[in-house]
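Here the chain labels run A, B, C and D in written order, and each chain numbers its own residues starting at 1.
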Amino acid sequence: MQQSSFNVRFGDCDPAGISFYPNTFRWIDATFHDLLKNFGGHAILCEKLDAKGLGLASADAQFRSPLTDGDLLRVTLEIEKWGPRSVTIRYTGHVGSRLAFEATEVRCLFKTGERGVFAAPMDAVRKILEEGTDG
Amino acid sequence: MQQSSFNVRFGDCDPAGISFYPNTFRWIDATFHDLLKNFGGHAILCEKLDAKGLGLASADAQFRSPLTDGDLLRVTLEIEKWGPRSVTIRYTGHVGSRLAFEATEVRCLFKTGERGVFAAPMDAVRKILEEGTDG
Amino acid sequence: MQQSSFNVRFGDCDPAGISFYPNTFRWIDATFHDLLKNFGGHAILCEKLDAKGLGLASADAQFRSPLTDGDLLRVTLEIEKWGPRSVTIRYTGHVGSRLAFEATEVRCLFKTGERGVFAAPMDAVRKILEEGTDG
Amino acid sequence: MQQSSFNVRFGDCDPAGISFYPNTFRWIDATFHDLLKNFGGHAILCEKLDAKGLGLASADAQFRSPLTDGDLLRVTLEIEKWGPRSVTIRYTGHVGSRLAFEATEVRCLFKTGERGVFAAPMDAVRKILEEGTDG
């Protein structure tokens, strides 16, 4: 559904010479935002949906092989499941044919209501992402 | 077993005004390295154990409430389980009494062998972390 | 005028084993925002001043000695000069008595006007920072 | 001499909605390392030159216009001056024809000697970068 590429660089790596693992989540998040760009980007979508953000309920990653300076990382994003108030997204990261990681994000559409921030129904988001339209 | 504190700052936050979630993993990793400091730190331990690093097999986080500029985040680390070739570590993040996140890391002792990098037995690491001694 | 401390950690360091230099600017910026916290923090000040941000016109650093995992970095901030539409801020970073860096930021009070973003007069900011009052 | 491109993304931006300025130095550093990749990359060059790193003596940036989520940043690198023990490098960052920043790095070839780390003569580095050869 979305594919983004990243050059893994010296500054992304730690004293063990491999990429500092929080950067993996940075590349995953960037891939998600690249997906949103097809629909105007995060800011425009949030305005349209009267939302604060398409933020995280949870995230996980399984690290299958290390990323190092010079690697060209290719991240693939697939929507795994739409819940009533969340969406589960699968990511895989490859360098050439080598699997670097598999990861999941569960995201919600956070809105601000009378009693604070809450996870709103996902129908409107789903419509936009699946049909490229808001109705 | 280990508790570390972090000031969440402006630069840790994104355009939605809450902390960019890869930073959560940065704070978790920092707490782990603070634990290691009681035993000489990552570099000295790796030299002692003839290892490349105490790196990640997997990581996950459940985000319970947002972190924002000005929050004082307190991260608590507990060893959950020792496997033969991995250790599972639990983290909780609080701001005052408010739960910000729960997270898990599975870490391995990576060594370089004849056929590349492999996850070595954890006995030596366990001994050091549990007894504060290497034998 | 303001002093902040930072633990330099494994994840802040690069494959050469010393802190990745953009992090120096992250610690400098954090020290500036710690200063603002004495006056309510960046968000509250911007609201009060009807501004977008106290952002950068320029920044520089001279790196005097390397920072490594385990260092406790102490950053000292001093206002060097108030200009009509900017403020020059001096930073020094020490680990114990060892000088790690000297740095400067020139910051402006950015507001949004009819013809886009502009650097507004600094009087109101100066009043708050020098007198701890807005009038 | 070298040109690299970067997508400015949501996670690179701060609560003011513009890119957190230490990231500018991250993109500058990445462009420098992209230059090195033409000659084998930082690790291989350091091995060849028996050096610890091509690190920073100083860095500065003048921010001319803000970078925001969705911008495609193009960074151009030019060697400005070779000193006996340093090299001065100029960077400019553009989004389309709009100037985003101008910056300078002064880098040294750091080696470890009997009395600690020192800045070594730059002749060997210059030869490699100018002639694409080490002799």
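The rule is simple: a residue touches a chain if its C-beta (ideal position, glycine included) is under 8 Å from a C-beta of that chain, and two chains touch if they have at least 3 such contacts.
Just so it is clear, the model here is predicted, and its values are computed rather than measured.
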A-D or A-B, whichever has more C-beta pairs in contact: A-B
Rounded Å distance between subunit A and subunit D, as computed from the means of their C-alpha atoms: 29
Whole-Å separation of chain centres (CA-atom averages), subunit A against subunit B: 22
Per-residue multi-chain contacts in subunit C, two or more chains: 10-11, 15, 17, 20, 22, 26, 29, 42-43, 69
Chain-level touch network, classified as line, ring, star, complete or other: complete
Residue ranges of subunit D in contact with subunit B within the complex: 10-11, 13-15, 17, 20, 22, 69
Of all residues in subunit B, those that touch subunit A in their complex: 15-16, 18, 20-23, 25-26, 29, 42-43, 46, 52-53, 55-63, 66, 117
Subunit C partner contacts - residues on subunit B that touch it in the complex: 7, 9-11, 17, 26, 29-30, 33-34, 37, 41-43, 69-70
